[in-house]
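A, B and C label the chains in the order they appear, each numbered from 1.
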Amino acid sequence: MRHDHLITSKQLSRGDIETVLDYAAELDADPSTVADRHAGTLLGLLFFEPSTRTKMSFETAMKRLGGDVVDMGSIESSSVKKGETLADTVRVIEGYTDALVLRHPKQGAATMASEFVDVPLVNAGDGAGHHPTQTMLDLYTIRENAGLDDLTIGIMGDLKYGRTVHSLAYALTNFDTRQHFISPESLQLPREVVYDLHQRQDGTGIREHDSLEEVLPSLDVLYVTRIQRERFPDENEYQKVAGEYQIDADTLEAASDELTVMHPLPRVDEIAPEIDETDYAAYFQQAHNGVPVRMALLDLLLSDDKRIGGDDDE
Amino acid sequence: MRHDHLITSKQLSRGDIETVLDYAAELDADPSTVADRHAGTLLGLLFFEPSTRTKMSFETAMKRLGGDVVDMGSIESSSVKKGETLADTVRVIEGYTDALVLRHPKQGAATMASEFVDVPLVNAGDGAGHHPTQTMLDLYTIRENAGLDDLTIGIMGDLKYGRTVHSLAYALTNFDTRQHFISPESLQLPREVVYDLHQRQDGTGIREHDSLEEVLPSLDVLYVTRIQRERFPDENEYQKVAGEYQIDADTLEAASDELTVMHPLPRVDEIAPEIDETDYAAYFQQAHNGVPVRMALLDLLLSDDKRIGGDDDE
Amino acid sequence: MRHDHLITSKQLSRGDIETVLDYAAELDADPSTVADRHAGTLLGLLFFEPSTRTKMSFETAMKRLGGDVVDMGSIESSSVKKGETLADTVRVIEGYTDALVLRHPKQGAATMASEFVDVPLVNAGDGAGHHPTQTMLDLYTIRENAGLDDLTIGIMGDLKYGRTVHSLAYALTNFDTRQHFISPESLQLPREVVYDLHQRQDGTGIREHDSLEEVLPSLDVLYVTRIQRERFPDENEYQKVAGEYQIDADTLEAASDELTVMHPLPRVDEIAPEIDETDYAAYFQQAHNGVPVRMALLDLLLSDDKRIGGDDDE
């Protein structure tokens, strides 16, 4: 990659994305080829917010490459409690490790931090900002199940606050896709995101809906996200809205047999457990794909012979 | 083992137990033979409850086998806070790792979780349920110090709530043992456990007592457990009861010189520190035995050529 | 080293210190020579207090030596909550690992703990007591930047409570140094420390000041520490005092161009960020030096052929 850091999926071209996905597929098929590739390499994990799957899959990915991690631990047990700035924390820890992964509650934290360090830094989520490795594993899962061209995808749930959704929507504009956004009015995509998407893609590719019903039969992929209770001042209002955006076997009777259902997890009750064992369900596979995709990304960032856009002429 | 998961010590036959203990003894004598045996293998640690020694000894065991661990961390820093079910958590994490160790506060959690995963799952304690690896290291320690046949053992303290005690008692019925249970009346073994033990073993092998005095001289092993303050509504009642079940040098004057004193640790004041340096004390050795025993169990679960009951004819 | 444990920098002679610093410099120049030196060796991390850089740099050091760590985790998720004594905790964990690193809020904890264990134990800070590996990395940084002989050093800030400062001051008496202590009156060095320092070094080498101004031009090194708000009953009093002991570009106009500014970190606002990019700043380098210095110390403690004072005649 031409990038020393990975901060946003916006920075990745279609060519970059395809190189990562192709390489991830290679590693997924045979991880043994890289089992010792980064022996002696240490990845620093800086998670300023709770995370299970993102953190564990980065750790797994690094170890499957032969390397190891050094984890800052929870902020309760760290110097952050003593009032240290993020700029100081990352400058100290970069001296211990060969690359950094950062999750932080503040939007823009990864960009700011990356300006202070010389080792590669990967953004693992910065508040309402970006989460590019999640986007890459989403793309990988979509490609595995439905292909990335001539794709009709529905993205449903909390579209206002979900960074996962925004990143994915931006990345999909690199491909020949029709994106349908399904949400209650109060949780629609921010207007500036809609504007950007229209700029990046022929406007006919982007549609907004307040119900799944009209669009479900045409979908190749349905990407469901969690509607957070705490967004609603009134419990009744939440119950009403959330109930309309839940998926069960009845809902899917109107869907194509080929439909792929995805979810970034954790879910609460957006998808009924009865879907788990059906061929629709790709959300556990999606979580598992975090490992080969992050292996590919880490290897590309850590290797001198960078495989994406390494040619200066490009 | 014929078992893909290790949930309860009830599932282990005498032959299984002896195979594990023999193999643990081999590894204890010379761990170097397996120092690289599971290079590249990752064990997922899912501890939904605090633990020091169980978690650290699993981690140590896996690393002494050449493998590594990926730790979910405390539930405060995980997706569990976001309302994820245990079934979802284990299905995600099994995609990262080659085996799972689960501790959970709810009885039956390990059995439920094991139904959702394809990788081997080891129960490291499920509430008032089972803790089979603790039982195996207890058996290993008893065998090292007193042998497992023609054994007279006293098990003392909180016999009502202690899962450690129930598991051990069940496992000991596979051997020629006389079990004496010593506790205040309010903390006696549950009646159904007594019933089960009588079913599994000639009834004359099981006796209950409310005082150590009458039985101490006959014991080969005295297994002491903690009486938890929080079980008693009244502090005075606790003080009175707890005081009667504490061991010090005076207490042990009536014991055999060959007596072995065990405790699953942590202790509060059930055993006076003056015992630590005597030949009676086996509780630190017992804790250390967690490593070779867990090495043996993990190796057996992770190896294709399973060494216990691998023969279909058996 | 003649020492099985590393508890205080007072126990180290000038010869010991130089051996460690020389070896650290060797490892700093080429860590690859020891990349597999301690393969299979496990270091137990017992941090009973929050720490970022100390804990992460011990972990990094051990992994750069080819070994691995087993971490007790935060005390909230450990048996300490169940009332276990430190003596019991260390005796259990020494059975899992080949060496221990202990941080504890109580002064004397490391000495006490070391009496119960057979594996090497390193004190990583015991309350207001000692923190010898911090002292060694401070000495290493001073030597790299200004040399340890014919050195004029100013040590500024909270000199009353800072264990880092006391340890460093003691260690510097082994060398030809002039130490200037700069602090508000309420945070002066404890009288017994001043007395000890005079005993250990020609009295003319130790001076106390309440202002940096008079001494700054003569300094080779300025070692700044944090003044903790919580030491002051009155917020106004804190603001007044803290403001006088802050360093910025204006302050340093009176300094030598060769001045080296150090800080054990984390800082709050004792050193203005504008200093970070100047040649004065050595505090991030100082933090990074924790790795080669701790690699050297761990290797010396773990190796049979102990390289410091191994000769009985010495």
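In the analysis below, contacts are C-beta pairs under 8 Å (C-beta built on N, C-alpha and C of every residue); 3 or more make two chains touch, one makes a residue touch a chain.
Which chain is which protein? Per UniProt: A, B, C = Aspartate carbamoyltransferase.
Just so you know, these numbers come straight off a predicted model, no measurement behind them.
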item	value
Angle, in degrees to the nearest 5, of the Cα rotation that carries chain B onto chain C	120
Self-contact between copies chain A and chain C, residue sets same or different by half	different
Where chain A and chain C are represented by their mean Cα positions, the distance between them in whole Å	41
Per-residue overlap in chain B, given as positions that touch at least 2 other chains	68, 74
Touching residues (chain side chain B, partner chain C) in the complex	35, 47, 50-53, 55-57, 59-60, 63-64, 68, 74, 265-268, 273, 284-285, 287-288, 290-291
Contact set on chain C toward chain B in their complex	40, 42, 44, 68, 70, 72-74, 76-84, 87-89, 91-93, 95-97
